[in-house]
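Take a look at these structures.
The same chain A turns up in both complexes below, where it pairs with chain B and then with chain C.
Take a look at the complex of A and B:
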């Protein structure tokens, strides 16, 4: 490859920016995940009033991650952030079994949203570090994820607290986005 | 190098010059701290180490400093000011440790004292002195501005510091708490009282560990009578900052709670600015003189 074509290739392939929406119930671990993605200290987290946003560099992508509060009162505002979303990350507290129904309902409402049509969804089965957490496969079954046919989806077990599984989730995102663009 | 030249010219060490020339307490102590930190002498550097156990030995330490820096023995002002600085630097360092210790403690449902603190949040704001929920989980916590039915999951990284601070606010400053609580219920500009409170605690905590609150604590003397800053003085700052933020929030007339992120950043910039540009600043004074803050830093935007 000549120098010119190499330059051309580089120029035609500027760093891709992705808009990522981070949703889930309150106390699911969205902000901890956001900090974990940005390799920041996760020990001083507070409940999110409104939203947090961070830009994260990953595998040649610039991810602009919007972490919106999960409190019931704030959920009506979620829709204000749907537009132009490239990937939806949905976070579940795998140890909060009592709220699996509630989180499932919120997720299926999101998947029915017109503005999120076809948007790939990555579900993080978070808090795997807790003893009583449900396994990702168990959650996938409970939420009938296999019925999702209109978009790429994936469920990834993780612990935002110790970082386990987070990278695997990011890899899935970059693979699916690349495939989409080709 | 310039230190060396100044030393030649004045015949005085940097510490001596600071004590002689810097009249504002907080600025003087910060400069002394800086000078010690940068000192080439290991002993002097060790004095500001948070792990050092200097407490109670200040007179001896001042004597040592005078020997090392060749300060004339009869310079009593130097001795007095250095001792004052050492006490306050240590007091600040140990406050950081105390606060962090409480923050690291997690709420336990088995601890009756902590349960009492939690239920007092409800009873103090609702005129139900002996009220207790049958179990911790209850929908009513949402009225107080917790996210869900279990308030204890909202303390997060602030741990027991969150509960203690909120409890201090509602029990020790009940009028202020009720006022803030009712403002938080405003139909248009309302917010979640408890979780905004917990966010305010996180801000104050950050100001403390980043050293921004030195301006405040180095100026104060009265609470140093036992050479230690009481936790109460930390909680008072939380209360003041909460009041200020509430005022600021209503002044800004935000469209919705989704502006919290942007406005809180703007607000914190102002608090930091105040602590940097006003070396006399006592944050808690604004509890009484509430208007000053908004007038000084926000009003000009509208004119």
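Take a look at the complex of A and C:
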């Protein structure tokens, strides 16, 4: 880390809050990621019926993370949470190849949403610890992520279960978020 | 400081050119999955088969992910730990899935029978699936109809160890508490099997040699996972709540606590056939919640030692028999509820705190 980033860090407003929306198909690992961000135990996680919210301190930001259930039936309700989103985190079960098309379609729909226009998107290629997981590069290609031109985006491989890669995703967020004017 | 080395105006720039350190920073990070041994996914998959039987013995999966897809008229047994399991596009099949650390997810299947013990149970687009279940969290169904559930009863030589690996407690089974994401007004997408049916009526035992090798049983009497009635199914109005606390914070104390709870369950099963276990719960209870449940602070000292185990029994004279048994077994520290008009409220409170603890 150079002096410049150190200064940036000191200068940053400790009050800066980010509203982060955590979406993805059911069983993608959103709640495990949420709990992993908050350094909580991830061994007894229940399928989310509504939503979970946690505030996490990271890199001088206060992250208010909204984790919304991903069942097909409740995806239409995602839109109720779009307003004032600073960053969209989209979680993919990299080992569930049967549903790559489905997760790709949901992501494209999200990126076409007016209320999420220009919102940076971080895609977590989760469950890299599983034997059938596709690499992040494979998923990026399959989902045509390189065609995203209207916002900053990044795909990060991770295992929310053991925490690997999660911090690297957060670092990308802190580097790419436009600091809100007071 | 970085700028001393990286600024071309600094003399240090020439002594320590930045190229080396920069290239280090730019090197892509190496994660555990980049360097792990590649396995052949085919070893952890059963797909595109008909009229066949597949048995995976302990040690053959070792906690990896497992994939089952596109089977017809097959029987599959996974007697090992798995990370997560997906069962897709199967018809007329029967499955046993060993302890899953994550989810067991069934999609686009019909007319199947399943026995599994897992952390999460999920279904979508399924029809007529009968599940004998032990599930650490609330099972969920979506766009699934004619689903039936019952309590899993099973034991085999390696099961205790496999449950430990999967971080699943036999004292937390939510098979009777289903959440339906797509309820249909006036209809029920799921129901519970009558207690007269057993697992063996739905999933056959494998061949004798395998059974002997594993010391496998599906019987209600020899099951390791306690047979519970479920809270929707209390036969009488008399219930009793028994709660075991860990004596101290050592592993030994928690082990003793589990042995004690199992001992009480077995004593009752063997001697009082009319008294049945409704539900068991194992969770961390806060001091404030404990006061609410027990009406006293006298158990607070034990709470910091670890999770408590609560058992609800139901049947005529359940309260007196449990008091006598606990007394004679000299098991401590333990709480046994007393009959009172407030008792059902006390038991509900105990379950409500458990549900709160288990949600995020």
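What we mean here is this: the second predicted complex is superposed on the first by the 164 of 182 C-alpha atoms of A that agree within 3 Å, B and C clash if a C-alpha of one lies under 4 Å from a C-alpha of the other, contacts with A are read in each partner's own complex, and residues count from 1 in each chain.
As a convention for this text, contacts are C-beta pairs under 8 Å (C-beta built on N, C-alpha and C of every residue); 3 or more make two chains touch, one makes a residue touch a chain.
Here the structure is a predicted model, which is why all the values come from computation and not from measurement.
After superposition on chain A, the partners chain B and chain C collide with one another.
Contacts of A:26 after superposition on the shared chain: both chain B and chain C are touched.
When the shared chain is aligned, chain B comes close enough to touch A:70, but chain C does not.
Contact with neither chain B nor chain C is seen for A:112 once the two complexes are overlaid on the shared chain.
Of the two partner chains placed by the overlay, only chain C lies in contact with A:165; chain B stays clear of it. In the superposed model, A:131 lies in contact with chain C only, and not with chain B. Contacts of A:80 after superposition: chain B is touched, whereas chain C is not reached. Counting the residues of chain A touched by each of chain B and chain C gives the higher count for C.
In the three-chain superposition, chain C clashes with chain B only at 44-52, the remaining stretches of 44-52, 62-70 or 242-250 being clear. Residues 26-27, 43-47, 49, 52, 71-74 of chain A contact both chain B in one complex and chain C in the other. Chain contact summary for the complex, chain A toward chain B: residues 25-27, 42-47, 49-53, 69-74, 77, 80. Against chain A, in their complex, chain C makes its touches with residues 1-3, 6, 29, 31-33, 39, 41, 44-45, 64-65, 67, 69, 83-84, 86, 88, 101-103, 105, 107, 119-120, 122, 124, 136-138, 140, 142-143, 167, 179, 181-182, 358-360. Interface of chain B with chain A (complex): residues 142, 147-148, 153-154, 156-158, 191-192, 195-196, 198-199, 201-202, 205-206, 256-261. Across the interface of their complex, chain C is touched by residues 1-4, 26-27, 31, 34-35, 43-49, 52, 54, 67, 71-74, 95-96, 98, 128-133, 157, 159, 161-162, 164-165, 168 of chain A.
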